[in-house]
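In the two assemblies presented below, subunit A is common to both, partnered first by subunit B and then by subunit C.
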Partner chain A sequence: MDDARLTLLLAIADDEMVTGHRLGEWTGWVPYIEEDLALSSIAQDEIGHAKALYELAADLGAAPSADALAFGRRADQYRHAVLCERSNKDFAYTIARHYLYDTADEIRLGGLSQSSFKELVQLFTVFRPEERYHTVHARTWFSRLADGPVDAKHRFSEALASLMGEAVALFEPLPAEESLREDGTMPVPSEQMLGRWLDGVTRDLESFGLERVLEERSEPAIGDLVPTSSGAAEESGDAARLRVPGIERQDGRWVHTGGFEGAGGRRGHHSEEFAPLWEEMTNLYRTHPGATW
Partner chain B sequence: MTYEERTREFKARIDAGDKVEASDWMPDQYREATLKFIEMHANSEIMGALPEREWIPRAPTLRRKLSLNAKVQDEVGHAQILYRIAEDLGKSREQMFDDLVNGRTKFHNVFHYPTKSWGDVAVIGWLIDGAALVTQHALLQSSYAPYVRAMRRICAEESLHLRHGEDLSLELANGTPAQREMFQDAVDRWWSPIMHFFGPPSKPDKDVLLYWGIKTKSNEELRQEFFTTYVPKLWDIGISVPDKQLRYDAAAGEWQWGDPGWDEFWEVVRGNGPMTQTRLAWRKAMWDNHAWLRDVFAGLPRAVA
Partner chain C sequence: MRSALDGVMDPEIPACSITDLGMVERIKVTSEVLEVDLLPTFVGCPATDMIRRDVEKALKAIAGDAPVIVRFVWDPPWTTDRITPEGRKAMSGFGIAPPLLQIAVPCPYCGSRETFIESEFGPTPCRTIRYCRSCSNPFEGFKRKE
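Entry: the complex of A and B
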């Protein structure tokens, strides 16, 4: 198949797969039963979307099967954004990531709705009603935590501040973006989608007095609470870097001006947190080549 | 009417097959026994999610990853339903969760063991859920009406789990030699815990749960049902059971089985199973570190800007 289109397809599929995988790690552990059910549902939606996208890629000749794409690639062949692979930490952190990811996904689905890649657009019409519930869920929690007791608000805003930089990188342009623009696969360039997303996030943050998370970067304040063998807590990185890289305020708006924190996910460069996730997710499949399950 | 007279009248209702609603008068012993039983059932559903959920991140295909997540989600959903029913009997959900994570209440023995391979996922889905379904079907005749209504829904979902588990098991039994070995090994390791699950042969006339019609069948009746349903199926697919004495005695019309020994069972009941402390410690850490989340729902004042 067209390599450029495959890059796009895998970027979206891997985002959904890894996001669904991380949410599925919560199943059975969420300290609030109704939310356990909700996160499991969203996990299944995301993995279901990944499955449909991998199947499309396989149909177009990228691999013998969807499973071969999901479980049979090397870690550096996954094209998801680094944000998606970050370990779950606590509920506030997971909800912050859920909000940032699903609002971005909403913009992405909208930005590709007029794509010339018809098979992809067709899948999106199936995804969109489900994704709508994800953003409703994420926004409900956003306001509940941002407008909640002081501890909840603090934890949530710290989590947002630590994730914002890598969330921006969800829109890091694809390596083949130029040719995808030329043939109409991507009618809206990544940078433009990023602008739309930043506007929406800024509005949400402003309405709860949380705009500072766009100004000050912070490190995750909490280690990983969700027990899993792939759940090593994030190494504390460059603590001296206090600005969210790549965005600044111009003429009363937050805009993207620079590079991307956690850049390279779309080219297969991942953080130290992806290797254990990949190992756990693919080990059984890889250990029994040719077996059916 | 005195308390004793009301109690006698209540017992006569139960014996006549009448069902009890949450708002009905009930003797203290009935309320306490029902609450304790349903609370342990709820605890078992939420703790039972843990051994299986370990394999959601490791599931070998997209289809299995999806179905296992949905299956474990169902179990968590059963816990939610059951905790709500227990709540109506007079204990808050928060208190029940607090008691669970601090080791003050119990959950079923089979959820105290590790899951070592994908074979365990198959055995849990088929044989453990099968054993649970045998006991749960008997609860459809329970005297406590809200519990019966919950069990109708739960049994329907569990029947689906059984098909899921059977499908996983057949795939392994018909798979590569390594897959088949994986499944046989899991059956071997889980057999004693399954025998323990039904409990030691007990004296039905001493069982307070049978007396009040909360349960309707004895441990041994349920174990026999399990043998009849599952052992021939295992033998059919060439999987052996690690009980050399197990056989159907046609003359007696029942299965003869070898006593697995009960020391391990009592250790597990006392909270000393191989994974008891680990799982409770993780759950307690999760619970304690999210006290702030309960405050969100408790209506604590919101932060100022």
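Entry: the complex of A and C
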């Protein structure tokens, strides 16, 4: 198959696969059963979507099988965005990542709905009604946490702030984007999809008074523990506040300017958090070549 | 061939056949080959491979020496509107509320509409969890997909 189309297919498939694996790590650990089923079901959907995309790539001749693509590549051959591989940390962090990813995925499904890549459009038509449940789930938790008790609101906004820069990089243009534009595979350029997504995220954040998430990203606080007036220990020194890289407010709108933080996922550059995930995800395939399950 | 396919049940809702669910898109019978195109329901459904196996088995039983080809295709997209009236009835009889537009779907146990969605996600990708205020039973509903 066309190499440029393969880079697009793998970027989307790997995003879904890695997101599915991360969400699946919650199975059995969520504090109540309904939410356990929700995260597990979303994980199952995402892995199902990845499987369908890998099968398409394999059918078009990119690999001998879907499994060879899903599990038979080196870590630096995966093309997902770094955001997707971030470990779950706490529930607020997981929901922040889930919200940022699934809202971006929604924009991407829309942006590619008129693509000249017919087989991909067919799959997306089948994915979209399923993905709608994911964004409803993410938005439900968004408002519950953003409007929730102080601790929930604090943890959630800190998580959003720390992930915002890498979420922007979900829309990092693909290395082959120019040729994908020319043949109509990508009728809407990544940069334009990013603009649409940022507008939506800005609206969501503003409606809960969380716009500061766009202005600054938090770095873990470094300092000694000191007692406060209530007797509780608190970390001294404010958490370092840095600008979220890559975005800027212009004429009342948040827009992308310049580069991408954590860029390179689309070219196979990943964070240290991907190595253990890759190790686990591909273990069976590597240990027992040719195994079926 | 139709009746062979009518006998292939969904492994997770054994009261419904794949024809009840509207999964059979196209069949072709010639003296040389038996061919069927099926539509997957929810993409992540692990029952898909079992269904393929069961369909192959059912068709081989009637095919004689002719080869059997079972394909899954994505076009047209499967939606819950494809579930037949018989399928909806069988589903309800099995204890799963068939998909409906309104939020208060009738309880499959007592028929009351005093029900609500407890969670959009259930034990399989195609089900939600609902609750009936009248008979105090939790029940499963088939998720809408369109």
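One rule holds in what follows: the second predicted complex is superposed on the first by the 270 of 293 C-alpha atoms of A that agree within 3 Å, B and C clash if a C-alpha of one lies under 4 Å from a C-alpha of the other, contacts with A are read in each partner's own complex, and residues count from 1 in each chain.
Heads up, the rule we're going with is that a contact is a pair of C-beta atoms (placed from the backbone, for glycine too) under 8 Å apart; a residue touches a chain by one contact, two chains touch by 3 or more.
Keep in mind that this is a model prediction, so the values were computed, not measured.
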Fit or clash between subunit C and subunit B when superposed on subunit A: fit
Which of subunit B and subunit C A:149 touches, first, second, both or neither: first
Touched partner set for A:34, first subunit B, second subunit C, both or neither: both
Which of subunit B and subunit C A:137 touches, first, second, both or neither: second
Which of subunit B and subunit C A:70 touches, first, second, both or neither: first
First, second, both or neither for A:57, with subunit B first and subunit C second: neither
Partner chain(s) touched by A:186 [first = subunit B, second = subunit C, both, neither]: neither
Partner chain in contact with A:48 - subunit B first, subunit C second, else both or neither: both
First (subunit B), second (subunit C), both or neither touched by A:293: first
Partner chain in contact with A:129 - subunit B first, subunit C second, else both or neither: second
Residues of subunit A touched, compared between subunit B and subunit C (which is higher): B
Gap in Å between nearest CA atoms once subunit C and subunit B share a frame through chain A: 5
Residues of subunit A contacting subunit B in one complex and subunit C in the other: 34, 37, 40-41, 44, 47-48, 51
Residue ranges of subunit A in contact with subunit B within the complex: 21, 24-25, 27-29, 31-34, 36-37, 40-41, 43-44, 47-48, 50-51, 54, 66-67, 70-71, 90-91, 144-145, 147-155, 209, 222, 225-228, 230, 277, 280-281, 283-285, 288, 290-293
Residue ranges of subunit C touching subunit A (in the complex, touch as defined): 40, 42-46, 74-75, 77-79, 118-125, 129, 143, 145-146
Subunit A-touching residues of subunit B, taken from the complex the two chains share: 46, 49-50, 52-54, 56-66, 69-70, 72-73, 75-77, 79-80, 83, 118, 168, 171-172, 175-176, 178-179, 282-283, 285-287, 289-290, 292-297, 300-303, 305
Touching residues on subunit A, where the partner in the complex is subunit C: 34-35, 37-38, 40-42, 44-49, 51-52, 119, 122-123, 125-127, 129-130, 133, 136-137
